[in-house]
Amino acid sequence: MDQIKEIFVRKDLCMGCHSCELACAVAHSASKNIYEAMGEHPMPKSRVYVETVSASVPVPILCRHCEDAPCMHACIAGAIHRTADQAVVTDADKCIGCWTCVMVCPYGVIGRHLEARKAYRCDRCQDRDQPACVSACPTKALVYQTVTDFSKDLRRKAAEELSRGEGR
Amino acid sequence: MAANQTYVIIGASAAGLSAACAIVKTEPEAKVTVLSEETDSPYFRPMIPFIISGEKSPADVAMTGQGPYQAKGIDLRLNTRVVSLDTHSNQVKTKSGDTVLFDRLLIASGSSPYIPRDIEGTGIKGVYALRTLAQARDAAQRSSSARHAILLGGGLLNLKAAFALLEKKVAVTLVVYSPEILSQLMEPDDAVMIRQALEHAGLKIMTGRSAKTIVQGPNGVKAVILDNGVDIPCDMVFIGKGVRPCVDFLKSSDMEIDQGVVVDPYTRTSRENIFAAGDVAVTFDPVTGNRVVTGLWTNAAEMGLCAGKNMAGDPTAYAGTFGVMNATQVAGLPFVSMGQVHPGSGDYEVHRNVSGNAYRKLVFSKEGKHLVGLVMVGDITHAGLYRYIMREQRDIRRVKEKIIGQTLTSAHLMYG
Amino acid sequence: MADARVPRKKSLDPAVNQMLAKAKKENIQTIWDRYETMLPQCGFGDTGLCCRHCLQGPCRIDPFGEGPREGICGASADVMVARGLDRAIAAGTAAHSGHAKHLAHTLLKMATGKTKDYRIKDEAKLKSVSTRMGIPVDGRSIADIAKDLAMAALADFHEKETPVMWAATVVPQKRVDVLLKHGLVPKGIDHEISEIMHRTLYGVDADAVNLLLAGLRCGVADLAGCYMGTDLADILFGTPTPVKSEANLGTLKKDWVNIALHGHNPVLSDILVSVAAQKQDMAKAKGAAGFNLVGICCTGNEIMMRHGIPSCTHSVSQETAILTGAVDLMVVDYQCIMPSVATVAQCMGTQVLTTMDLCKITGTDHMEFSEEEAGKKAEEILAMAALNYAKRKGKPVEIPDVKTPVVAGFSVEAIVAALSKLNAVDPLKPLVDNLKAGNIRGVCLYAGCNNVKVPQDENFVIMAKKMLKENVLILATGCGAGALMRHGLMDPANVDALCGDGIKAVLTAIGEANGLGGPLPPVLHMGSCVDNSRAVALAVAVANYLGVDTDALPVVASAAEAVSEKAVSIGTYAVAAGLPTHVGVMLPVMGSPLVVEVLTKTVRDVTGGYFIVDLDPESAADKLLAAIDERRKGLGL
């Protein structure tokens, strides 16, 4: 089976511009267009959150699509399931807005749409080739790769740094 | 481990089905039999208030094929009540007299409502201790022509039932013996906002009162007489006074029972091949280490998952659960309550914060190093993070200000 | 899922597409590649919800209500958007009036004998403009009048006793009254620009409507800058009259010394054109057939209008001129010169020469131009180009075989002169009569740039074609004119195919009366972007003739593919003049419902004009037609 692609965060590259958040909200709007999305009801919401470690260190946080996802097991309505490509997704039609998932997600990445009374979170953009946040990130702090490719890239980068250090 | 073990599970709900799915996932060839005394196919029990209100149909709340309950090939036997367990011959006997042999057994029989003996007339038609889909269907029908319901007990279950009834235009009076509603989940001061919201939504709440007698009329219940002698007409009564583990059928076995079935951190009972999970099991509080029996879907599903893995030979320790761990939204107010929520005047460091439409109470250990309990009303942002740091018993001194101010994010925990 | 903003095609122009194929083959990046790399663009900037006006910033407001709802200073989305828009208007105004100021200085230097290379080409216009400015002309020397006019022009930049004269004297009295009533008469052009900078500073104006009113006033100052630019350029270089020329990359010639003149101001380009005409030998000495000057952007419009110099390309496709490999020297002054020309030129071995201190580009050569030594500098530039040709000679070039005939040069004076052939006593009468009779349903001005977000020329061409069929008289300036000329809309031969019967009859009658043996072109080229003033002048003339204000006229404007902040300021003065004004790309204002409401609706109560933002050319044209009809109805037509 092909390895599944995931969204990885390269924290050091995040500039804190929040572009991913906007792109995410637009990707989850009815119109898929920022100008119209702003006026939609229910208001489209971002599922990625640019949080800060400290004032100068931003970091995007989003659903990990955990193995044995606590949210999925906790949901009292059966509204959360895992798709064939391993994304853990919330079915808004089934969600009753009891927020049990919010209470158990250890990453705090499930949003509560108060107007619609629905929980929402990253679905890795099921209808796109590449998640909108990844496309939107101007510095490529978010990447969409398989675990293997991502760790390969990390190793390559480490090796480059090492050899640069030795050359000095 | 020998392949093709025979697994038998008593109870087809959160714990039982989670375990069954975990077993099938770990050992696809396994033979899994699930015995349920109910005649309905498994359903999401916490959803039954929506059956009363009519917002959902029984098909909407079915478990099979929904959420994590996707496993195929499970032998589910409905209308099959287990009456006894023989741990020596590894078999259970059903009400119809059949015996079912097992290599490994999971007891996931859940719990059933506690009915106080000092109330007279609890057996009258129209009196409910809501637990099953069958009862909910019946209550749905009765509520269509009912005008007034009296709900005994101020817990979450009754609040959910109350809103279902309001939805059906049935007036509701909550009779609560404690000084305040939700006394299991919070202290009276914590409940102020919720109480206001409930009353605003049209609930009538009487605290410090209890029912003495339920009075029968030609069409079942017709009134409730309170401890002060007041007689209130009504056509439905709901008893929400907590639950007790379903262990009666184990009486004749040698299982260790302490309220519920006692298990070790690997969900195993005193018998090597017998496990228990969910409402029926006695588990432990990760902070205090004390034994607890819970009535929580979240706990049942998670513990069942663990049990399934352990049974299928993938040793998985259960992290334990707080006796209190609830999230919900009533009358437009979301709230979360978990862990040590009744610090009283005990040895704890407690922070309370009221602002606008939000209230929170954070309970830290005496030395201020661990978060041990919280109540959040109105704004439950990042509640899961708090559960995580409580359960893992993280030393939180570095991020304490953020915890108190509710500005903590997982960024602080992961990278801080 | 495809991103909605990646255009389906890059350009409607086959010449441009041919060059883009070449760029792709040779791995040279163009604006379209850079645009794709930029996608998706930042939504905060896109909606105007990003502010860097103070050092506590940057701030951004979350349009989805989850994040910040106001800036660190407390600025609301409305304030943030209005401030940003104001600064764009101020920047556009600074550019147009900077161009005009440069001409005023040139005129002054000429009048005081500091330069011998310029002279007054249109004395009549010098006198008429001076008279309008209250400068006595009778019995005075040309130099004296010119000096006074130059001083009057420079005086219009700062705050003084009188309002900005190039605004107050160029619109009907009724319009002056409207502007006065709402405090929209500028006190000085530079004053308005700097006041915008002041009020949009940290902690000053925080009332979106007040900010927008100041933006409108600055827009009126922009009209003054443009109008002054046109007046002074006409005086110094001649008022355009109809002239035949050609457009597109096919106007480059392999065996000639090709010099592309790019930018805006005729101060340099006009001199180069006349010196080149005299110095063809310099080119021939290097084995070339001669100098072939071509224009890009508004420089191209200026020298096409006055000298019939062909236009090579415009705006978004400026890099493609260099991609031919046939340009020996690109000479630029300022505005709309993409810094990327330096890189593309390096790839193609082309030399780019900057000439103005305020516009240097790393990776290009610079030769500071001065009016005092204009002729000499022009000769040096020609020599440089000839030398480059000698090096290029024999090397392969790829010049798309694409060019279109153009008839340009329609200044207001030229239009009136042409009309006077129909009615010498009352030249505007035939125009107004046709308007009344419905042969001319209305007038639409196409202005502005080509924006990479739109397939090049698509909005202009679709809209203009649709409106011509509906008998709208079409005027064009700037790169909008460039777009329409490339697609044959300024070729009289296409009148039959393109125009509705009414407008066809009008264009034919005027053409025949002027001995052209055929109609005027379908679209009348009025000049560069400062020359939007000519369109205003024409509208004012018609309004005065009818005795109405400009906001009563069935006249509309469209910047269908706008890019520059200059387009924003032009749009603003079009609205200030009372015109329904279409913009075919998103302005960064969507983050404020209030600002959108004011720009598209409420402002109508103030000036009679309003913005129409519509990205779809078909429906935009429909809206403009509806606006025209509404105004016809208002006039009882």
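Letters A, B and C name the chains as they come in the text, with residue numbers starting at 1 for each one.
The criterion applied here is as follows: a contact is a pair of C-beta atoms (placed from the backbone, for glycine too) under 8 Å apart; a residue touches a chain by one contact, two chains touch by 3 or more.
The structure presented is a predicted model; accordingly, all values stated were derived computationally and were not measured.
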{"item": "Chain contact topology (line, ring, star, complete or other)", "value": "line"}
{"item": "Between A-C and A-B, the pair joined by more C-beta contacts", "value": "A-B"}
{"item": "Innermost chain, taking as reference the mean of every protein Cα atom displayed", "value": "A"}
{"item": "Distance from chain C to chain B - Cα centre to Cα centre, in angstrom", "value": "72"}
{"item": "Centre-to-centre distance between chain B and chain A (centres being mean Cα positions), rounded to whole Å", "value": "31"}
{"item": "Centroid distance [mean C-alpha coordinates] between chain C and chain A, Å", "value": "45"}
{"item": "Footprint of chain A on chain B - complex, ascending", "value": "18, 44, 46-47, 50, 60-61, 63, 66-70, 297-298, 301-302, 305, 325-329, 334, 336, 338, 380-385, 387-388, 409-412, 414-416"}
{"item": "Chain A residues touching chain C - in the complex, by the definition given at the top", "value": "17-19, 21-23, 25-27, 32-35, 37-39, 43-46, 111, 127-129, 132, 135-136, 138"}
{"item": "Chain A contact footprint on chain C (complex, rising order)", "value": "1, 3-4, 39-40, 42-44, 46-47, 60, 62-67, 586, 590-591, 593"}
{"item": "Interface residues, chain A side, partner chain B - complex", "value": "11, 49, 51-54, 57, 59, 61, 68-70, 72-82, 94, 96-110, 112, 117"}
